[in-house]
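My questions will all concern the structure given below.
Chain lettering (A, B, C and D) follows the sequence in which the chains are written, and residue indices restart at 1 in each chain.
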Amino acid sequence: MHFLLSNDDGYLSEGLSVLAEALGTLGRVTVVAPDRDRSGASNSLTLTRPLRATQMPNGYIRVDGTPTDCVHLALTGLLENEPDMVIAGINHGANLGDDVLYSGTVAAAMEGRFLGLPAIAVSSTSFQPAHLEAAASAMLGIIRRLCDDPLPRDTILSVNVPDRPLTELKGFQATRLGNRHRAEGMLKTTDPRGRSIYWVGQAGPEQDAGPGTDFHAINHDYVSVTPIKVDLTRHEAVEHLQEWLLTCPI
Amino acid sequence: MHFLLSNDDGYLSEGLSVLAEALGTLGRVTVVAPDRDRSGASNSLTLTRPLRATQMPNGYIRVDGTPTDCVHLALTGLLENEPDMVIAGINHGANLGDDVLYSGTVAAAMEGRFLGLPAIAVSSTSFQPAHLEAAASAMLGIIRRLCDDPLPRDTILSVNVPDRPLTELKGFQATRLGNRHRAEGMLKTTDPRGRSIYWVGQAGPEQDAGPGTDFHAINHDYVSVTPIKVDLTRHEAVEHLQEWLLTCPI
Amino acid sequence: MHFLLSNDDGYLSEGLSVLAEALGTLGRVTVVAPDRDRSGASNSLTLTRPLRATQMPNGYIRVDGTPTDCVHLALTGLLENEPDMVIAGINHGANLGDDVLYSGTVAAAMEGRFLGLPAIAVSSTSFQPAHLEAAASAMLGIIRRLCDDPLPRDTILSVNVPDRPLTELKGFQATRLGNRHRAEGMLKTTDPRGRSIYWVGQAGPEQDAGPGTDFHAINHDYVSVTPIKVDLTRHEAVEHLQEWLLTCPI
Amino acid sequence: MHFLLSNDDGYLSEGLSVLAEALGTLGRVTVVAPDRDRSGASNSLTLTRPLRATQMPNGYIRVDGTPTDCVHLALTGLLENEPDMVIAGINHGANLGDDVLYSGTVAAAMEGRFLGLPAIAVSSTSFQPAHLEAAASAMLGIIRRLCDDPLPRDTILSVNVPDRPLTELKGFQATRLGNRHRAEGMLKTTDPRGRSIYWVGQAGPEQDAGPGTDFHAINHDYVSVTPIKVDLTRHEAVEHLQEWLLTCPI
C-alpha cells in the first residue's frame, strides 16, 4: 500500500506528521503538502505561475501551491510510483456542513478521487488538537476496513474526529452534511495608514445540526464519516428545468 | 431588481462589462469583482489577510481577493442595499464537466446561493469570445423567465453559451455535467536560473460527453443550463456506509 | 524624445496619467507600470516566477510585478524601440529622507539609470494630491533643461513637489536627503480568528530637516531636487577599513 | 552580546543555521527570518497587509514577509530585549557590485543600521556553498574585532567570502563595489496555455572588476569587506545641481 498524504495546514503541521507516522505502519507514505497554511483554498488550482517542489530533510515534499496543486502535481508526474490512495489531514479544525465547500483538506481528497484514486479527508474538531493520536487511530480503522472491503471508487469520505482520548470516542457514524447559519458579517476596520480594510467574518453557528448530520455526530462524541460527491449536478432538477426552459425563448 | 455581478476574470474583463450593460436594462447592477484574473480560484476564501475594496471611476468595486471573497464581502456588509440575485460572468472560456469544481465563476454563484440569494453563473465557450452580446441576451431570457416563475431557491444554474451569433443558437437545453479524461501530465521545465519548475497541465479532453451532458449541448449549438448543488453529501451512499462502518472497530 | 514612464502606485494612478499627458507634449511616451499598488517595493526584482505584460485599451502596459520589474522588462526586450529617458511618478506621497530607500518610485528611476538611461523620479507631497498639474509642470521644466544641458549620466534626480498651485511654488532647490526619527513601533493586534498579527508602523517624524535638506525645501514651498547615487560604496571609509582589517586575523 | 540574525533565503537555509551556531559562541542569538526564499527583495517593506510571526520548534521566529520586514518587526516591538547588533546571512550566492541594490541580505543589515544598530551582511560566493563554516569563521573574526574596536556607527559592512576551505582564504580586503555589464535580456516564452510570459534575465558578467573592487578580492581568494552607506544623496553633485537649476524656470 502506497499512500499520498497532503493537507491544507502546510507541511509543518503536527496533524500531518502524526498521520504520516500512523500510515507508515500500513505501508509506504509520500507526503506532498503546501509550504504554508492554505486553509480555505478550496479546489483552487494555480494556473498563472509555475510551482516549485522541494524535498525536505525528513523526506516530505513541499510545494508553493494549494492542496489541490500538491495532489495534482504528485499524480500527474512528480512521483515516480503512483500511490494507491490519497489521504488529506489531519486538519486542525473541523470541516463540517458548509465548511466542506471551502476546505482545502477535502479538496485535496477530491483531487485524488478525480485523478482516479480512493481518497479520504480527516479533520480534528479542535484548532489546537490535543488528541491527534486518537484521530490517526480512527483513520487506521477506516483504512484497514477499506482494504478488506473497498467502497465504490467514486466515494470520497470526509472524516471528522472529536478531539478526545480514543477511549472516549463512541464509534463511527455515517452522516450527511448539516449546515450553518449565515456567516457573520465582514469586519470593517482601518490599517495603520487610515485606509479601509475588510476581514471575512467567522463561519456561522450550526443551523441544521439534528440527528443524521455531521454536527450531531461530533456533538455526541462519534467520529463522523460523510460520503462526499464530486459530481455537482443536481440530477433530480434536470427534468423540471428542461420543462421550465421550454417557455424560455432565446 | 438589484443584481450583484461578479466574475473570476477580473473587473476589466469584457465579458463582465457586456453583461453589466445588459443587466442594466432589467434593473440596478452593482459590480464587485476581483482586481485581477482569478480563474481556477474555486470557492477559496481569503482568511489570512484583510481585503481592500476600491470603487473605480465607472462605479465597479474591485477587491484584491477571490470571486468568493467578492460575493461574500458584498453580501455580509459592504453593500448598503442587499441585492436580489447574484450573477457571475460572462466567463471567457467554458465551464463544463469537471471544470466546475475549479471554477471561480461558478463559485461566485455558489457563494451567492449560500448567503441566501438565487444565483446564476454564465460562461462563453471561447477564451476570446466574439459574440458576448449573444451570451448576454441568452442570460436575459433566463433571468426574465426566473422573475415570472422562480426556480426552487436552492437551485444554482451554470449556463454555457456557444460563442456564436444569436441567430445560430438553437435554444436552451437542461443538462447534467459530463466529464473529462484525466488531465494532461504536469509540465516540468527549468527557470532561467536552472531550477526545476512545474506547470499544472491542460484539462483533459471530453470523456463522458454523450446526449444529456453539457458537452453535448454545446457541441450541438445549444445553450447548456445545468442545475448545480451546493450540498456535497452523497446522500444515496449514507445508508450503505453506515452498515459498512458497523464492522469497523475504533 | 521617447520617455519610458513607470511608477509604484500602479497603472491606474492619477499621478501617472497626468504625467503621461504632460510628457506627451515633449515626445513619445510608453507607460509600463505595475498592475497594482506596489508602494514600498524598493528595488525588488521578481526572480521566482515569470511576469505577464498586458497592453490596456489606453495603450499603457501593465505588468504583474514591481516597479523595478517594469523598467527592467521594458529595457531588456519588451519594447521594440529603446527609450531615451526613464521617468517615474508622479507618486502620491512624498519620498523624502530615509523614505527613498524603500521607495518603488525612486527604484524605478534607479533601474533606468542602471540600464544606461538618464532617469528622474517625481513625487507629490500629498497622498491625495490636488495639484498634480503643478507637479507635472515642474517636471517639464526640469526635463527641458536636461535636454538643453544634460547632467552627468550617473546622476538620478529625485524630485518632490509640494502639493500646491503652480503660482505658490517658490522655485527649485537642490537638496540632500534629510532623515527621520526612528519609525513608530509596529502595531500588534489580532485577526478575527484570534491570531496575532503585526503591522509595520508609520515612518517617523522629521529629525534632520534643517536648511539644505529635502524636508526643509518642501516645508518652504520649494520643489526639492535631490541627486541620488546608485553606487552604495561608502568610499571615504574604505581606507580606514583596510587598516582596521589588518589586525583582524582570519 | 545579543545578535539579531536574519537572511533572505528563508529560515530553513543552511547558511542561516551555520551562522546562528557560530554566533552562539559569542553571545545570545535571536533568529527572525522570512518563511520562504525572498532573494531579490531589496529593502521592500510590507505595508498593505499585516505580518505573522511564528516561533518554530528550534526557537527561530519566521515571518511571512521580507528581510526588511523581519528586522523592522524585531526591532520595533516583537523582541522583548533589544539586540546589540544585526547580522544577515550567510547568503547562498555572492552579493557583489550592483547586486547589492537588489539584495535582501544587505537590506536586512541596512534596516538594522537604520534602526540604530551596527550591522553586517555576509554572503558565500556559491549558490550551493560547501564551506559555510569557513565563512562563519571569517565573520567571527570581524565581529570580535568590532567588539574591541568599534567602527563608526553609520558603517554597514557587506562581507563576501569565497566558498573555499578556511586555509585557502588569503585574508581580508577592504573593497569598493565593482559593477557588472548590463543584465542579460529578459526571456520571453509561453505558459502551457499559450500566453506570453517573461522571466527577468541573469545578472550581467563583471565589468568594473579591477584591483580595489569586491570582484577582484573574491577572484583572488580574499574575503571582501565593503563599507556600505545608507544615505543615498550624491553629495558632491548638490552644488552643481543648484547652479544648474538656477536657469530652470518653474
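The criterion applied here is as follows: a contact is a pair of C-beta atoms (placed from the backbone, for glycine too) under 8 Å apart; a residue touches a chain by one contact, two chains touch by 3 or more.
A quick map from chain label to UniProt name: A, B, C, D = 5'-nucleotidase SurE.
Computed from a prediction, not measured in an experiment: that's the story for all the values here.
Peer 1: Please work out which of A-B and A-C is bridged by more C-beta pairs in contact, and write that pair.
Peer 2: A-B
Peer 1: Among the chains here, which has the CA centroid at the largest distance from chain C (5'-nucleotidase SurE)'s centroid?
Peer 2: Greatest centre separation from chain C (5'-nucleotidase SurE) goes to chain A.
Peer 1: Cα centroid separation between chain A (5'-nucleotidase SurE) and chain C (5'-nucleotidase SurE), in whole Å?
Peer 2: Each chain reduced to its C-alpha mean, chain A (5'-nucleotidase SurE) and chain C (5'-nucleotidase SurE) end up 46 Å apart.
Peer 1: Suppose each chain is reduced to the average of its Cα coordinates; what separation in Å results between chain A (5'-nucleotidase SurE) and chain D (5'-nucleotidase SurE)?
Peer 2: The computed centroid separation for chain A (5'-nucleotidase SurE) versus chain D (5'-nucleotidase SurE) comes out at 41 Å.
Peer 1: Report the inter-chain centroid distance for chain A (5'-nucleotidase SurE) and chain B (5'-nucleotidase SurE) in whole angstrom, where each centroid is the mean of the CA atoms.
Peer 2: Spacing between the chain centres: roughly 22 Å.
Peer 1: Out of chain B (5'-nucleotidase SurE), which residues touch more than one other chain, so two or more?
Peer 2: 47-48, 50, 52, 191, 193, 199-201
Peer 1: Once bound in the complex, which stretches of chain D (5'-nucleotidase SurE) touch chain A (5'-nucleotidase SurE)?
Peer 2: 12, 35-36, 47-48, 56, 64, 191, 193
Peer 1: With touch defined as at the start, can you tell me which chain D (5'-nucleotidase SurE) residues reach chain C (5'-nucleotidase SurE) in the complex?
Peer 2: On the chain D (5'-nucleotidase SurE) side, the touching residues are 37, 39-48, 50-53, 66, 68-69, 72-73, 76-78, 98, 100-102, 104, 107, 110, 114-116, 137-138, 141-142, 145, 149, 151-152, 155, 157, 166, 169, 171-177, 179, 182-186, 188-189, 191, 195-201, 212, 223, 225-235, 237-239, 241-242, 244-245, 247-250.
Peer 1: Which bits of chain B (5'-nucleotidase SurE) are touching chain D (5'-nucleotidase SurE) when the two form their complex?
Peer 2: 48-50, 52, 187, 191-193, 199-202
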